[in-house]
Amino acid sequence: MHTYTARRRVEFADTDLGGICHFSRFVVFMETAEHLFFEQIGSSVHVEVDGKPVGWPRVSLQVDYKRPARYADLLDIEVRILRKGSKSLTFGHRVLRDGEELASGTMTSVCCVLEEGAVRSIPIPAAIADRIEQAPA
Amino acid sequence: MHTYTARRRVEFADTDLGGICHFSRFVVFMETAEHLFFEQIGSSVHVEVDGKPVGWPRVSLQVDYKRPARYADLLDIEVRILRKGSKSLTFGHRVLRDGEELASGTMTSVCCVLEEGAVRSIPIPAAIADRIEQAPA
Amino acid sequence: MHTYTARRRVEFADTDLGGICHFSRFVVFMETAEHLFFEQIGSSVHVEVDGKPVGWPRVSLQVDYKRPARYADLLDIEVRILRKGSKSLTFGHRVLRDGEELASGTMTSVCCVLEEGAVRSIPIPAAIADRIEQAPA
Amino acid sequence: MHTYTARRRVEFADTDLGGICHFSRFVVFMETAEHLFFEQIGSSVHVEVDGKPVGWPRVSLQVDYKRPARYADLLDIEVRILRKGSKSLTFGHRVLRDGEELASGTMTSVCCVLEEGAVRSIPIPAAIADRIEQAPA
């Protein structure tokens, strides 16, 4: 499966008093890369099915941190689909700086209809599933 | 090993347009519970050794999300040490609402001296290691 | 008008590489204190009117920063209503540490119905306006 | 004084349950635009003078919000210097989407040496002050 790459500067507000990018921000960068993936295949992370909003709540997350990122670093966040289930997607991520890997991880999300404050899993809508299948390898 | 519990309200700024607490915030809540642990044992996440600041950069992170948290939910974040290595600590976390588990996870950190922008791992200082050993079971 | 006080520890993720609490976090602390105010008077920042969600988008914000807050500082965030218009509320805020003022500010919000992605200002619903009037002085 | 423009997508994590970009994030976007300004003139927000780190803590902040920003909106954040004092800088900001102004604001920062956890204001170092003076009008 093709790898998509998002680019991101580490902002001042991303850092902590340890002088490095706070580790929780990597997770946000990875999410933004996933959303870029949805856009790149002509979809969106935020669609409606039968008039109801569809979202992708997380079910699991795993990150290995190898090297810290610092203020103003320019990061490349690579994302690709590791597994496409009937209701879920697992993305694999790598965070790089000048080609050096700073972190890697995986995040699994489940396709859900959001109704009246409740979250109910559904099969990935065909329109989205087809676009994922057709994404260039 | 004893379990320590931090309490936390989900704030408006913690939520996203899906109407639930953003998943990256769970990781911050877990971190804050770890810091509570350090305080409870009479230490701090932010100490100096030989005049140099000591910190605990993350090396890995893993979270399973079971149920969403919502605005104004009162969360209990349980934390306990799963493994104490010579240079690293692995914490186990559970996020609960009214006793119901919303998420669980583990985070491993390495004890490091922060020098001139570099990060160098060191054995956990005896003062901290002893307090961890003596923490009530 | 009575002053309500929220309490808050500065978390590690609130800090930046300057070693202090990032200034944008003060604004979040102030917001959380406002939400406490709504709860204290028996309302909520997140209600429905005629089946539609009502929110309080910001129209203006002003903060004076006097002293930095640091990691683990215990902050008291005072909030009171400075002005109650027909559609808007202006809150006044003070952020204190051990009685010493670190920052002060004002924030004005307009009562709005959120419809289909649009935001439309409305008079403050009577149920909320009455509770504000009756809040202890 | 020349206006510098930073570009930024509203990320999912920037939004709140009201379905719009959280107002505190505008302040972060404005800060990032300021930092771009420092880079554009060949300086940095994070320099050392006589071996000590120099930073720019905020002394005041004022924002007017006119229209909400939504997930995935592409924002232009304009920044220019409104006033250059001997120790302080006041920036003026506008946040635009497709040329439409969503918000405007001003932020004043004071040049400080950060020593041993203390913050002490200093005259803007000549190297920085000169670059500001020479920035294209």
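Observations, loosely collected:
Just so it is clear, A, B, C and D label the chains in written order, and each chain counts residues from 1 on its own.
The working rule: contacts are C-beta pairs under 8 Å (C-beta built on N, C-alpha and C of every residue); 3 or more make two chains touch, one makes a residue touch a chain.
All values reported here derive from a predicted model rather than from experimental measurement.
Placing every chain at the mean of its C-alpha atoms, the farthest one from chain B is found to be D.
Separation between the centroids of chain C and chain D, computed from CA atoms only, is 23 Å. The distance from the centre of chain B to the centre of chain C, each centre being the mean of the chain's C-alpha atoms, comes to 28 Å.
Chain A and chain C, compared by their mean Cα positions, are separated by 32 Å. Along chain B, residues 12-13, 17-20, 24, 28, 31, 46, 71 each make contact with two or more other chains. Viewed as a network of touching protein chains, the structure reduces to a complete graph with every chain in contact with every other. Considering their complex, residues 17-20, 23-25, 27-28, 31, 46, 53, 55, 57-65, 68, 70, 105, 114, 117, 119 of chain A touch chain B. Those residues of chain D that touch chain B in the shared complex are 12-13, 15-20, 22, 24, 71. Per the touch definition, chain D reaches chain A in the complex via residues 9, 11-13, 28, 31-32, 35, 39, 44-46, 71-72.
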